[in-house]
Amino acid sequence: MELGMVGLGRMGGNMAQRLLRDGHTVVGFDPDAAARKALADEGGGTADSLQALVAALPAPRAVWMMVPAGKITDGTVEALAGLLAPGDVVIDGGNSNYKDTLRRAQALAAKRIGYVDCGTSGGVWGLAEGYSLMVGGDQAVVERLRPVFETLAPAKDAGWGHVGPVGSGHFTKMVHNGIEYGLMQAYAEGFSILRHKQEFALDLHQVAQIWRSGSVVRSWLLDLTADALGKNPTLDGIAPWVADSGEGRWTVAEAIDLDVPAPVIALSLMARLRSRDDDSFADKLLAAMRNEFGGHAIRKA
Amino acid sequence: MELGMVGLGRMGGNMAQRLLRDGHTVVGFDPDAAARKALADEGGGTADSLQALVAALPAPRAVWMMVPAGKITDGTVEALAGLLAPGDVVIDGGNSNYKDTLRRAQALAAKRIGYVDCGTSGGVWGLAEGYSLMVGGDQAVVERLRPVFETLAPAKDAGWGHVGPVGSGHFTKMVHNGIEYGLMQAYAEGFSILRHKQEFALDLHQVAQIWRSGSVVRSWLLDLTADALGKNPTLDGIAPWVADSGEGRWTVAEAIDLDVPAPVIALSLMARLRSRDDDSFADKLLAAMRNEFGGHAIRKA
Amino acid sequence: MELGMVGLGRMGGNMAQRLLRDGHTVVGFDPDAAARKALADEGGGTADSLQALVAALPAPRAVWMMVPAGKITDGTVEALAGLLAPGDVVIDGGNSNYKDTLRRAQALAAKRIGYVDCGTSGGVWGLAEGYSLMVGGDQAVVERLRPVFETLAPAKDAGWGHVGPVGSGHFTKMVHNGIEYGLMQAYAEGFSILRHKQEFALDLHQVAQIWRSGSVVRSWLLDLTADALGKNPTLDGIAPWVADSGEGRWTVAEAIDLDVPAPVIALSLMARLRSRDDDSFADKLLAAMRNEFGGHAIRKA
Amino acid sequence: MELGMVGLGRMGGNMAQRLLRDGHTVVGFDPDAAARKALADEGGGTADSLQALVAALPAPRAVWMMVPAGKITDGTVEALAGLLAPGDVVIDGGNSNYKDTLRRAQALAAKRIGYVDCGTSGGVWGLAEGYSLMVGGDQAVVERLRPVFETLAPAKDAGWGHVGPVGSGHFTKMVHNGIEYGLMQAYAEGFSILRHKQEFALDLHQVAQIWRSGSVVRSWLLDLTADALGKNPTLDGIAPWVADSGEGRWTVAEAIDLDVPAPVIALSLMARLRSRDDDSFADKLLAAMRNEFGGHAIRKA
């Protein structure tokens, strides 16, 4: 089918490409001319403004946003609200907070523009392997977009699904990422224990490879871990500094809102926060307290 | 090759069967006659005592123990020490604590009997899919047993490896299980959050299925989770009571011994401990404290 | 000085009483006639509506709200906004979220009505011992209320302070309660360990008493713990069910917003959430997973 | 009464001094001549060997050990076993693991030498304020030592107690320290949150002072925190590096042995482990994984 793609970065560009390869027509917009050029090189149409993008699409239009969550999404939705017509649909394939999604869907619904949220997992591997897609929205609109989901997913009938009303796709993706934090932290702790057992001089890459076949802990993240350890067994040159992109925070907040204990997801997030603080005030205060009650020596900063 | 198998339960019986199917000769011992009968039905030899088992094997003998960790392993090792000859080898394929393994290996080394520890993952699926094997021991002995490992593993050259000296196989398996606890807890928390978001009425089985293809959290444990949710989407009739078999405890102890923070593995273990205490003294005391300082009502037990 | 008190429950009633005892004039309002009667019995004035309360106070008025956080506070602030005059001041002594406080202060500022947030700790003991007060607001307004704070606090110059601009009082109280969660959980865990060491048959009340003098863990919460254990050493009849009143949740959210790891406060909150779920879906799923991969038995619900 | 004191460091020296001030006779031994000299200056007797110490005491002798836990305690107990006579008693006032205590008590019991374990809290403040003492041992022997405990404690009948059989004193002290870790971490997290809320520019020393009177979180550790923040409000020059002396580790191990969840104590320990690792392998691996699946940038070490 014919689709507009707003945002042609690492994710949006690859998704457009996967759609083109499967015979869809894609018109893309990105403020970056190089990103537009890359799409054109793959056979896609390009537009140098949202207006041009909308003008290039046949009604009823489908515009897929693949832009950074937050203000840019808000700005794009607002602009599209002024350009699109009743019956058109906007799809947010980014990592938006589902509460923002509910708000945006309501705003567009007032203009009879449809809104679909599509939680998208797969990272840089999605182009080749397909994306896992958790779709929220009205049945009819989702059904209309089915050809797009079937192409983006790893297979026509696997790796994507209509999980519920608008908002539920981003909600499900949020929890997916919360789980991801926990899985990653579990592996990281385990390999760290292995590494510190110096008397066994374990080859971490070998261990990861063994586990990939037949073990209970085999997973795609383990495959990637094996790759990383194969390339750099001691992780030399890599700073112990771990970013987070928001979904982990939202997952913890949601767990608490729902009265659901989620200690492992919460602690995984906090391990990342801790990784970025090399001058912990809490730890300084602990050292100061120990000095106060026990006369224990303080290390100088 | 020819192998004695001590312990023909869920794990040992399946492993013997997998060896037989690949052309190895297996003589098995188990105190349970039905377990011996099952092996005989598969074409294995049986012995009704350790003595008989040892007598039935050609020197140099290889005896694989697949018995519950702890006292039964100790008893078996002691008995075998009195029956085997220099040059023979004992393999412990169970979930022994690696410190016990070091002790047992030392005791047998005094009699010039070899000792190999083989951390074994794969559960009930190992028979069909092969086991992930982490092997510790002397190079020459491990090499002699290569045909056995190649058969038990998912493939000749995948899913098994000689990771280091004796003890290192069980150490690696211990950490494997610690990771497993963390992975399981991460999924459990995530699905619990999804389930409690009642307004989205999510179909957890569908979500698990979507994630199995293309997502960052795809894994074998997720495959099993999808199976479990497919059979029983609301987990009706299942008590929220989670056993643990020791390796998680050892992993936490080892992490602390090595000064390695392992919050997620520790918390995963504690979640299991908590699942088995439906009359938490700590929680009662918290309720009592709140009553003391704030006059907050206490629920009657 | 002369003060209006809105809300004459456990906290507000006691605070009014403490003010009366020190010579202040208090006019109180509460929808509950019995609460008003109790204040009258202590020598306070009463009003049967907010209008009547405001009418009974000399300008510039000071009205202290001691009502449940949330909608009731919002309703009270709105009503007072319509009744008070420029130069009057409203004090929120309850456990409001500091973000709500900022919003309310702004709304009243538009009418030139002052707003002061007073985080109040001390519970049912405050009447006798005084309250710990963390005050946020403009310097001049706080200064005008000084006589009230000096009476409510344990001593004229101890246990209260002007900590910063409006909002900072409730913020500080929020963190205070987050710490409180952590302290309580630490004691609860420790006493639970002691109790489960059955071979030592420890007398928990005795232990608490010993620790109250000279130990590093002595505290007011320990004093209360000793009281509770003295009255009911085995905590018989108390359900292991622990409420939470919001500040712990806000503290965790704030910690995450500020990128500050707060594992102990987060876990203390989650222990409370867990105490209230006797049918944990997460634990059921863990049991189901174990059954899937290892054939481990599931307990029937 | 007359007491031998082995170990005249920060703790032992102060305890000897407190005993002397209350009229007891103390003969002290320490390998460090300066420490012996300090005791002599306070009016104590000194011995330059364990033999000399034992010889200087009247039978039945009481020898209090205040030495670092572990090998030094073992060596001292062994040496005393060869020097003392039936009816004598050894007291271990240090932070020994209660399992070591049980072993040592059994060894001395074979020679009819008594053994008492005295968990001792109070740190450098004990000299002036008295120590909190948790005493384990046989009733008759503990009774004989009563005058010593009554002097060392903050008051004759407060701050000390005979909690159970030998081992129970050190067990109780171990849990005491586990609680201490949790309390400290709760304060540290809370003050860290306050500090990072820059828009409120809170004076942490002021906040600590306010809380000391009337608040639910008042405690001796808070008093010390206030002192530390008073001297150095921003904790400048203090490294975020926190030692641990063993009891926290043992508490976590014991909690797990007893199937008691202790998330807060466990996490408090792990926060300390984390404070001492500025090149976390786990965090590097997390960064490497994120790069693998999402192409997220890695910071260079």
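Just so it is clear, A, B, C and D label the chains in written order, and each chain counts residues from 1 on its own.
The rule we apply is simple: a contact is a pair of C-beta atoms (placed from the backbone, for glycine too) under 8 Å apart; a residue touches a chain by one contact, two chains touch by 3 or more.
It should be emphasised that the depicted structure is a prediction, and the values quoted were computed from it without experimental measurement.
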Can you name the chain that lies farthest from subunit D, using the mean of each chain's Cα atoms as its centre?
-> A
By C-beta contact count, A-D versus B-D, the higher one is A-D
Just curious, how far off is subunit D from subunit B if you go by their C-alpha centres, in Å?
-> 39
Geometric centre distance via CA averages, subunit D-subunit A, whole Å = 48
Of all residues in subunit C, which are in touch with two or more distinct other chains?
-> 123, 185, 187, 189, 192, 196, 216, 220-221, 259-263, 267, 270-271, 274, 280, 282, 293
Using the touch rule from the top, collect the residues of subunit C that touch subunit B in their complex.
-> 10, 123-125, 184-185, 187-189, 191-192, 195-196, 220-221, 224-225, 227-228, 232, 235-243, 263, 267, 271-272, 274-275, 278-296, 298-301
If you look only at subunit C, which of its residues touch subunit D in the complex?
-> 121-123, 126, 129-134, 136, 153-155, 158-161, 163-165, 167-168, 171-172, 175-183, 185-187, 189-190, 192-194, 196-197, 200-203, 206-207, 209-222, 251, 254-255, 258-265, 267-268, 270-271
Which subunit B residues qualify as touching subunit D in the complex?
-> 216, 249, 252-253, 256, 259-263, 266-267, 269-271, 273-274, 276-277, 280, 282, 293
